[in-house]
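By letter and in written order, the chains are A, B, C, D, E and F; residue numbering begins at 1 in each of them.
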């Protein structure tokens, strides 16, 4: 029978590790809801891109990877900051799902306490396929584009994402 | 050149008028962002369904109508209740778009004042293809399923949507 | 085995109908959590009293009725206005409970959809033992004190509750 | 000794009644803080103008009336919707004051309960010098400009305030 | 004449220092309102337990200590994060009180500026009777149960509090 | 033609560097809107003063400097914490302006992305004319009053600002 999975990330930016995770999930379930977390935040060093920009990146990357658009749904999920409300908040904003794919302790804890089935996802060379690493490289002008799908690198350049991040790094309001 | 349109609705529930509007928009643009407004609300007489349920309905209806999933993106948009922030809020949560399709005066006013191109959409027999009419019929046990795509009628039945609405109509907290 | 019940009200003000409901519940369970809803609101015609004033009223009434303080817990619960979050919100603020006692459709719907056991409570002469009726009588200077426990009537007088309500009735900001 | 007064209004729009009230207050105190309430709202039939537009209107009107700018301070105050927090909220956003000038019951109640000195202000022909009346006339295309200072009428025209209001009156989202 | 005191804590978890403070306060006043602060937070390293869990712990501890339930009231108080609103917020949610017992500088400052009588409470071996110390020991698997009442230790074990904390310590979303 | 500038600061407290910036701006434009940012915060080490206190300080300083009150408007602007909404939020609360004067990277980024003209302001001996430096000196009892206008020093003393800051520095809730 058809099953739906949930995958939560911030995608700041979408990288090859995310892509591998989604490929992995689509071997286990028929459809995956990709929740773009912390959706309201942008223009900070931790969250440089808007949820809309992250939706575009993710869609471009999945298209480039040949994953058909009828296999997933991208849903921006604003943080609620009150952890006990987060599962109810997320489930009210997404189609229903049966399995949560995550290794992130808070996500795992909250979904388990709410009675959901949670499955780990293998990490794919986590030290380098990491958004933190990518943002660090963007700031220090090192190669980061090899860590993301080609279409994502092009999109980040088109919206001048690197410049935004570097400029913000001088901010005392971030 | 490829253009993206925006279409905003509450889809409480998704009906044949919405479907005609989307068909109309996809004749004018290549891709449409379908914003599911008032996303945080549910379980009231005005907003019986959650955003997640409305995403499911909309996807089912568009699939049934043969509109391919690479032509649209469904995005839940919570209300902010401060009208002057609404355009900035919505645009931060969606991929970028060039034309807003709307006949709703507040939506039109806010997007026009923000400098967007706004185009009207023809109404398709608005007196009956109306979510208000459908909810009224659900409450009074009249035929409503002829006003929505078949897959939507089945989905509403599966989640016991009519019962929820009728039961809530006795509430003094709605 | 010991069971805990939940009883939700706004207690604007606490009246004899509430008292009968609590007596009824304490025949079924060993302990009752009395949730004071819409806790953040006060100084309106619908919600004249603060949550703190309502806690005091309720405690005085239960004391006067001889219900020992180790049989109940009074907990102010602010509204969240997003119905799908309400059960998670309430359960995070209260000790755990097994049965919800309510006849209010929204409360019943939300707790049932969340998988809770819900039991109706009989109404005790609801036409007159009603907070709406009491506030109406306060405004029109009719007898209302016969509808509330004696200690509640005294407390409302001590804090000049009637004057507050009457004065506010002239407000265009309520 | 120098005393400061507080005057609270929504100024949707600023009219001749407001001007008379301010003139009256400046006979009693040396300086008046003019709080522009419901500051976050705009683009509705009740609150068509932004707080910024209302600051501009008020300043123009006071300038036209020859009231020097060192006699008053205009401060936008967003609503908090929780009445018991309103006095603390307002006083945190304004310079300190000694007397509240108001006839509005909720304002009077809240400031009195917080221990402030409250003085009534006479109404100046309230049936016609009323923002509700003015907005009604704007909608029905009757003369409204005689009810506001000349500079306010010009400003409303310059920002196309009438058109905004009329257009919004067709809205089902207001 | 009967006086009521206020005691504010986060009780993450309730420990023997809290118990001594409450005993001390009940020598000075007839009744104490125990405000459970930061009520909305849980599932973080600083705030692992929900307000409801903390109410249960506190009640069990006071019962175990033989303090009768008619001597205190437990009230969850969500943070407002805007310090100038905090006193108004807290007083709207609690029965009235005459003395604030606190040594915490912000609490003392805010209540004093609002005109309340504030009395210090002696600390009871603060280096070890400290919730920070207890959470540290929970994480490092050292003895912590000697620092809390026996009933609290049992309750924390029953809800698997230690496991929750340890699991969350691996989280990058805390 | 007359132009209006925007100048944003937190003014914790207002110092001589702020004064020089405003003098500089008033050589370029006819009128300056002085936005008092993070308006809701106070009683922390970073934000010791309320927005109202900061309005008073700023007005006193500008008066002392002989800058006439018809050249500027002081407007408290609460933070929204969602950066993409900040420009829309600020512009809804202020009269309209044409040029933003700022060197702060986040402010510059957000206004530029929104299409505003942004001009840098020279810093005036930023190492010492800095609110951070002043608060540090207040805490360590060093001379700070030479860094602020005389009227600001007197006002801070009158409201016992130094004591508040020092007392709060012992707080574990800041």
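Going forward, a contact is a pair of C-beta atoms (placed from the backbone, for glycine too) under 8 Å apart; a residue touches a chain by one contact, two chains touch by 3 or more.
Here the structure is a predicted model, which is why all the values come from computation and not from measurement.
Listed by label, the chains touching chain D and chain E alike are C, F.
Looking at B-F and C-E, the interface holding more C-beta pairs in contact is that of C-E. Chain D is reached from chain C by a rotation of 120°, derived from superposing Cα atoms (nearest 5). Inter-chain centre distance (chain B to chain D, centres taken as mean C-alpha positions): 37 Å.
Chain C and chain F have centres, each the mean of its CA atoms, that are 46 Å apart. One finds 26 Å separating the Cα centroids of chain A and chain B.
Contacts with at least two other chains are made by residues 40, 42, 50, 82, 84, 91-92 of chain A. Pairs of chains that satisfy the touch definition comprise A-B, A-C, A-E, A-F, B-C, B-D, B-F, C-D, C-E, D-E, D-F, E-F.
Contact residues on chain C toward chain E in their complex (touch as defined above): 39-40, 42, 50-53, 55-56, 59, 63, 68-70, 73-76, 78, 91-96. On the side of chain A, the complex with chain C involves touching residues 80, 82, 84-85, 87-89, 91-92. Those residues of chain A that touch chain E in the complex are listed here as 82-84, 104-110. Taken in their complex, chain C has these residues touching chain D: 40-44, 50, 164, 167-174.
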